[in-house]
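Quick heads-up: structures coming right below.
In what follows, chain A forms one complex with chain B and a second complex with chain C.
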Partner chain A sequence: MEGALNATDSSTLGVSGARKPPATLRRSQRPRERLAGWPIADRVAWAACWVVGVGVSLVTAAIVLLMAVKGIAYLHPALLFEHPSAAVAQSQSGGFLDPIEGTLLLTAVGTAIAAPLGVAIAVWLHEYGRPAGLARATESAIEMTAGGPSVLFALFGLILFARPVLAFLSQTSAGGSVSGRSFLTAGAVSSLLALPLVVGATREALAQLPARLREASQALGKTRARTIRKVLLPSIRPGIAAGVVLGMGRIIGDTAIVIFVLGATLHLTPAGGLPGLSALRGEGTTLTAYVRYNSPAGEGLAPNKAYAAAFVLMLIVVALNFAVVRLGSGSRRKRPFARWRPARAGSAQ
Partner chain B sequence: MNQDPRLAPPVRRIIPRQAGTVVEPRSEPAPSAAAAVASAAQPAVEPGVQSGAWQDPVDMPAPPRAPTTTHSNVVERMRLESVWLAYGDRWVVRDVSLPVRQGEVLALIGASGSGKTTLLRSLNRLTEITAGAARAGHITLDGEEIDGLEANDLRRRISMVFQQPNPFPMSVFENVAYSLREERAARRRRRRAGLPGRGPRGDQLRASVVEALRRAGLYDEVGDDLDRPALGLSGGQQQRLCIARSLAAGPEVLLLDEPCSALDPISTATIEELIVGLRESVAVVIVTHNLQQAVRVADHVAFMHLGELVEYGPSQQIFEHPRQQRTRDYVSGAFG
Partner chain C sequence: MEWLLRAITISVLVVIGLIAAAILIEAWPSFEHNGIRWFFPGGDVDQQLKAMITGPQEPARYNWHFRGWPLIWGTILTSGFAVIFALPLAILAAIFIVEIAPARVRRVVEPAVWLLAGVPSVVYGLVGLLVIVPWVEHDLISKAQKHSVDYVVQLTGENVSVATAILTVMILPIMIALIVRALQTVPRTWTEGSVALGVNRWRTIRRVSLRAARPAIIAAAVLAMGRALGESIMLSMVSGSRGFAANPLDGATFFFEPVRPLAATIIDYAEGISVAPLRHTLYAMGAVLLVSTALFSLAGWAVKQPLKRYGIGT
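Then we have the complex of A and B:
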């Protein structure tokens, strides 16, 4: 502060813009916290926060580091493009092209079902919520799905999709029994894992929107449906994207459904005549199932491949997250659907 | 969408009072705090309240029809006849009758909680999206009951600007274009009415957007880049954008709910100038807490207190020679 007032004489008081700016500026800094004055309980809590924070970071770092070291050590570019083969010797068991494709395909199918459905359910629950009884029932159902173990869904899916009525979703053996296993059926079951996360994130985002946004649109004579589609949903794209990312993470990470409903075969086994779509009706596997199979806990006897595959799995998850978040936020310039910022009175720019 | 009774919020309708008959409002006599305050403030009419035979607290004749303004082409567009409004069991507007005219600005003044905003919101049936709101009485637009019109069509004709600037989180252009683009149902209705079905598109849309921004006095400030995010504008600019958005749809009546309360004096002056300029082409109703603002922009003023219309008259009369003691107290700053 010193110097700021010294140089003033009465002729310049109350006048602005005439003088040069001061040569030195003192930037304000966050004052250092002094623990000494804190109650003992607060100090303990403070220490606990640090311990937990650092601990979680260390565990995460250890996982990433282990996967990276082991993974990079055993990863060859060829592994990414070779089909796996059943061989006792690790050197002859091929790569994991099929599991990579399977992971991407299953995630795509699961997300394609869960994302639109989840957003629709969330909009209905939050914006309409009628009939009230059905809305409450749906809410409980979604909550239960969120907590449910995936092996339960897997079992249910296997039984459901083996019904002859649903044979078109998977393959039918020569004897006439429906396998119930395909990317379509596994994707449908997997979507249950992602659904509650998409619904939750979307509802949360809708709840954060100010009521005056809805009012403004309706005051212009727009219907509620139009308001939702043109104003509300575009405004919450980042929120929806966050939910979808979480949901995709659960689909990618699940193994039970792959083993039960996808077959966890070594190769993708396209079925049916439609080009491009044949893989959807066929069985297959994913990286998680491949890692389990080849890990020391599995039967594949190729632990090195498991490490490499796990590393690739990690990279895929990171890449997908990044892509969806980018997609959700959009280009800031053209579609400024940034988080809602209320206007402050008289604030320029 | 609003027509679907399963989806619309539960709006309890009160049967409109027939002329000449007296219907006892459901919560009168009410033991509610509001009613207690109301009757305490007005011991003279208490017996009337108790019996349900509500009488106008003021000797208000049918709203004056003679043009009291200096403008030549003043046309009555809307008419409110004994309008009652309630939230739940609480009456917030009691028996208000008013004309709304094109060619002049009508200001609703009064202390907080006097029902100004609720009354304003009822003019384009925006009260209906509030759960528990109910209305009785007649409101007409060009002689037609507004209840008989489709709510969204009505809101296109009677547009509203809110207290807080509420632009959509889109670009400036899209904010205005949004109100111009017709949705499918509206397109169908327009075609049936023999109008071109679609709203403007392409160059025509752009021209309409620019025109609306010009009318709102914003074009000179944002015209160089209409694709900038609306939320990046200053508060005053955002509010003018909201006015532009409302004007773009070509409303016949413009409702302004304290449009300047969140703004600085310079932005306020810009908007007031705009309001006065608009009155020739649209009927303007403005709710304001700011008496000076009412003096500056209004041709007619309605003073409301605790849900009642205490006095209605030309601006000059209300501010210089009010007939009612309460009006005199309010405009001289004794309360409020």
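Then we have the complex of A and C:
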């Protein structure tokens, strides 16, 4: 609908439509306000915006470049396929195959829990939302979760999953005490990090859907539930995906939960008999915990490996970022931010 | 369908509610034994925490003694100053992205901010520890400064300024993102009206867009405060990890004194969590974080209400 508007209006620019200026003005032709006549304070503020905006980008560039330079210098392919070992010398402490597997496993479990729950909550909030009190409570709870420190979630997970009732999710020691530490439990706790992002993205996508979709489906006699399943959810898939990928980023980047609820061991330690399930019930580690362990703050004492692992971590983060931008670009491009240029037709709100 | 979705929502709500309840219950014994003095200064916190591990392990003779002020002070210093520094920076950067940057520049700056938001905190910690800390230690701290306090504390590159600076960078992108979204939704007619009256672009941004975005700016500050309070890994790496109440009266030396915020302490003592008195004390620290995050949310909500009338967004 918006695209159609754009196409028809771009030929008749301007409200009066008396004269036809060129469809797109070149940069140099746009009327621009001159800064020279401004009060000095305004010009200083203007300059400050430039400095901060460019500065933030430079900080990002510095971090990415540093990680790239150090990472490429220290990362051998062998590191990716070797198990770590507890040697003191950097040359003998092995690679970080286990942390990579751990990161993938933890993210998979966390996302698998957060995505359906998040979508369900968002759909309920947006499509039903009754009683209103419950909806408001849910909204503020999700908001609190978004701002909540992950270390609190970790502490909570440790209490919750050490209950004997939930012993099947982790391992039980000979003395009968439940450890509460496993990929399943840590994934469940991590899903709390991703949940608000999934809920937020899904709600936003639902809110942006044109009403005619819902109306058309209901006019055809579909029930509300079927409309949600067959019409709404398929059309907001990119929005949901963007939220899920953002959530994955938070799970991957977290360390506190790994230390408390996953154990931050050196290796993955499968437990129990069932193949496949055993790794999930066992303790393990992730790249973040590995970086911390090998940094000067940890006991591993292998800063080169910390750099290499951090580089891999950054690669994952950058890849996820690109995924989010790609997924979000469909909806974002249509929204014009440029407010100070002469109104392009169709962009007036 | 509806009942299913509602059931899911209610169960997640219950779990989130349980988080607070479980942490507060687990924290209670530590508060009970120390009373209000839990929050007071008194002695070396690190020694008190270590004494809990080495102390007697029968419930009746547990060593509960804990005076948490240095940790609380460390949290106030790092989180407070990080938010104070980051807020104006975030506002300027958000204005830059939405109103000032030419399209070509914006296409670089905006993804850079998203990327910065995604950098894991352990990477910040690593960069801090391997790049910034050695630089501060060798080039910024003078021998005389080190000597002047070495009877109480050792000055290293891991200190309150480095921790606050990195924390500022960490919370910046979240704030920028929220403020950007609010500025983008300022109705075009408002700003156009202002410009049509002959107000220059900066004054329009300042008096119209920014004012309309005030609720979002407060929301951003609250969210950033939550992140700063809860940041544990990076702070445990670069804050010096010493329960020391950095004293502003020390003059320039103050900036190089080590601290250790509450969240970082929880991480630092993670291995001792099976020891009952230490566990309850760590949960008590968690409870303090939980309550203060909640209080900040509440305060943010209260401040936002009168602003909402002429504001937009959250």
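Here is the rule we use: the second predicted complex is superposed on the first by the 269 of 349 C-alpha atoms of A that agree within 3 Å, B and C clash if a C-alpha of one lies under 4 Å from a C-alpha of the other, contacts with A are read in each partner's own complex, and residues count from 1 in each chain.
Heads up, the rule we're going with is that contacts are C-beta pairs under 8 Å (C-beta built on N, C-alpha and C of every residue); 3 or more make two chains touch, one makes a residue touch a chain.
Small disclaimer: the values here were computed from a predicted structure and weren't measured.
Colleague: According to the stated criteria, A:Ala225 is in contact with first (chain B), second (chain C), both, or neither; which is it?
Modeller: The answer is both, since A:Ala225 touches chain B and chain C.
Colleague: A:Val151 in the overlay: touching chain B, chain C, both, or neither? Say first, second, both or neither.
Modeller: Touch partner of A:Val151: chain C, not chain B.
Colleague: Pick one for A:Ser235: touches chain B only (first), chain C only (second), both, or neither.
Modeller: first
Colleague: Tell me which touches more residues of chain A here: chain C or chain B.
Modeller: C
Colleague: With both complexes overlaid on chain A, does A:Arg212 touch chain B (first), chain C (second), both or neither?
Modeller: first
Colleague: According to the stated criteria, A:Tyr128 is in contact with first (chain B), second (chain C), both, or neither; which is it?
Modeller: A:Tyr128 contacts both chain B and chain C.
Colleague: Figure out whether A:Met314 sits in contact with chain B (first) or chain C (second), or with both, or with neither.
Modeller: second
Colleague: Can you give me the overlap between the chain B contact set and the chain C contact set on chain A?
Modeller: 128, 224-225, 335, 337-338, 340, 348-349
Colleague: Residues of chain A touching chain C in their complex?
Modeller: 27, 33, 37-38, 42-43, 45-46, 48-54, 56-57, 59-61, 63-64, 66-67, 117, 120-121, 123-125, 128, 134, 137-138, 141-153, 155-156, 158-160, 192, 195, 224-225, 228-229, 249, 252-256, 259-260, 288-289, 291-292, 295-297, 303, 306-307, 310, 313-314, 317-318, 320-321, 324-325, 335, 337-340, 348-349
Colleague: Within the complex, which stretch of chain B touches chain A?
Modeller: For this pair, the touching residues of chain B are 1-2, 6-7, 124, 126, 129, 152-157, 159-160, 162, 164-171, 178-179, 183, 185-186, 227-236, 238, 242, 245-246, 249, 262-264, 267.
Colleague: Which bits of chain A are touching chain B when the two form their complex?
Modeller: 128, 130-131, 210, 212-226, 230-231, 234-235, 333-338, 340-349
Colleague: So in the complex, which bits of chain C are touching chain A?
Modeller: Residues in contact with chain A: 1-2, 4-6, 8-10, 12-13, 16-19, 22-23, 26, 89, 92-93, 95-103, 105-106, 108-109, 111-116, 118-127, 129-131, 169, 172-173, 176, 184, 187-188, 191, 195, 200-203, 206, 222-223, 226-227, 229-233, 236-237, 241, 263, 266-267, 270, 273, 282-283, 286, 289-290, 293-294, 297.
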